[in-house]
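The same chain A turns up in both complexes below, where it pairs with chain B and then with chain C.
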Partner chain A sequence: MAKVDSASNRPVRNYGDLNPRYFRTGMWSFVLHRISGIAISVFLLLHIWEITSVVRGGAEGFTSQMASMAAKLWVVGEWLLFLALTFHGINGIRLILLDLGWGVHEHKRGFWTVFVISAIIIAVGSYFFVMRFLAYPWAR
Partner chain B sequence: MTRVMKEFKLRVFRYDPEKDAQHHYQTWTVDYREGMTVLEALLWVFEKKDPSLAFRYSCREAICGSCAMYISGRYALACKVQVKDALEGDTVTVSPLPHMRVIKDLVVDQTKFWENYARVKPWLINDDPAPERERLQSPEDRARYNMEIDCILCGSCFASCPSGVTNEEYLGPHALVWAARFFRDSRDKGDRERLEIVANEYGVFRCHTVFNCVEACPKHLNPTESIQELKKAAMAYKLGLIK
Partner chain C sequence: MKGSLWAWIFHRITAILLVVLVAIHFGIMHFVDPTAVITFADSQVRLQSALYMLVDVGLLVLGLYHGLNGIRNVVLDYWPRAGKAVGWILTLVGIVAVGYGSLALKAFLTQ
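And then the complex of A and B:
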């Protein structure tokens, strides 16, 4: 194959280790921490849009905004936010402890501890989301 | 596996800068021998099938650090990993160390790796006049850097670190291990100098404690332990708690 001049300026590198198949626990917590962090930032923007409805439409605007969001789709969104916040918060505590020098020799146990605590909180909390989901209509 | 393995497939990353625009994988069927290492398999191909296959190796006993590669999803020394432990089905996949520029086949450009190593001044800094004989150290003080001196500078941790994927200015686990090695040495007087080098966004603060370096290290070191110790000292230094 002839060497392509424009492409040859781009160095060849092996990115095979970014395949999730080969991720170990630390890589999973790193990636999930970043994804949940971005999700929480997106929520903050949505939250600002939602509460500034009072600026756009006064008390009435705010009330109708809140009413329109009492729908199944938003419950799913809130549940996803709940997943992200739970993992991000608990994993964040692990990261702070690591930076203080704790658990450096037990990193796998640290990951699974975060995983189990998050899973329990998510399992319990999800019950309330299911109840809300069933109680709300699809749209208003 | 009860069946005795006679042969296996060796799938190797190929890239020839003079012919190829992109890399591809080439597979050979290799005769298996009990206890065969991945390096032996590469040498088998080199001798019997394709002498153009490029790879680094030297000591064959996991001490020179030349043959670090990415083998079936693990950062490893080709001379230390046995074929039977690296099989995925009947195939062993060998790629160059990730994220570093490939020069040819399995050989990567290590320039940044060595430059970053040199940046932390990996030598004893002590301007006090040399004593008549050697600078003495108690066995306890000597034991403080037992872990760090086992580093063979193979590059596995540097290639595994996701903080370094997009930014080769990040010192990397290997350089920080060596900074810690001298930081922990009672004879060394360069603490302040080294903290200046590591206490910034291209040093310890870019470590996100992913532990890929710990998983990757073929000598079973814990670079994160070294980095976290430096991180604590760097914080204290930046807050003015240590001079």
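And then the complex of A and C:
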């Protein structure tokens, strides 16, 4: 602490930008994009492992693998994946538009547009996950 | 153009394609019949369609490229010196994953 910015005469927070308390819309977009991206990448590798059960166990191996994952806990995981994919995709479109020069003077509006569109898609899509959650047993 | 510039361009091209492919994939698997339990027989019927197979192959290849290149970008942000080595490791992971994943897609057509 104790460092002082000479122009504004306010104390400078070391690593203050790493505390979520001080995040603003842009930092939230960056952090959420990064966390969701890493999570989806890890999921993708696990997903390939789960689907390739057909290589290791044939048709029966695949069907029993899928049946074992038709349980409530996995639905929660799929829903979290849905949140990550939705935000990452919508925010990614914003990043590409920025690269093309769209909205570079209206960052704030871009952040909020992404949050609102993501929230709408998540709200509508979550209905299907609730139906799946209710239909599946806790464990198989 | 340097390699990293191509990586940057491909990251964006794959991003646009993945938005479409993931929406199709996720919509079919989760929203068409939300309470269905996946079986080999159903998946096999779906994968008989060339379009469906194209979507799955696209997801496998483009998704792995986009995801692993994204991991590489994160590594470059925090540990730039390891960028090259990590890049090669991730390339290897990608090649193995595409190869092994292709075996699964092939199994649905041959079994």
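What we mean here is this: the second predicted complex is superposed on the first by the 127 of 140 C-alpha atoms of A that agree within 3 Å, B and C clash if a C-alpha of one lies under 4 Å from a C-alpha of the other, contacts with A are read in each partner's own complex, and residues count from 1 in each chain.
In this section, contacts are C-beta pairs under 8 Å (C-beta built on N, C-alpha and C of every residue); 3 or more make two chains touch, one makes a residue touch a chain.
Note that this is a predicted model, so its numbers are computed, not measured.
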item	value
First (chain B), second (chain C), both or neither touched by A:21	first
Partner chain in contact with A:40 - chain B first, chain C second, else both or neither	second
Contacts of A:129 with chain B and chain C, given as first, second, both or neither	second
Touched partner set for A:82, first chain B, second chain C, both or neither	second
Partner chain in contact with A:68 - chain B first, chain C second, else both or neither	neither
Partner chain in contact with A:30 - chain B first, chain C second, else both or neither	first
First (chain B), second (chain C), both or neither touched by A:51	second
Contacts of A:104 with chain B and chain C, given as first, second, both or neither	first
Footprint overlap on chain A, where chain B in one structure and chain C in the other make contact	99
Partner chain B, residues of chain A touching it in the complex	1-4, 7-8, 11-19, 21-22, 24-27, 29-30, 95, 98-101, 104-105, 107
Parts of chain B lying in touch with chain A, wherever the complex brings them together	13, 15, 17-23, 70, 73-75, 95-102, 159-160, 162, 165, 208-212, 214-215, 222, 224-225, 228-229, 231-232
List of chain A residues in touch with chain C within their complex	34, 37-38, 40-41, 44-45, 48, 51-52, 54-55, 58-60, 62-63, 66-67, 70, 78, 82, 85, 89, 92-93, 96, 99, 125, 128-129, 131-132, 135-136
Interface residues, chain C side, partner chain A - complex	12, 15-16, 18-19, 22-23, 26, 30-31, 34-35, 37-41, 43-44, 60, 63-64, 67-68, 70-71, 74, 93, 97, 100-101, 103-104, 107-108, 111
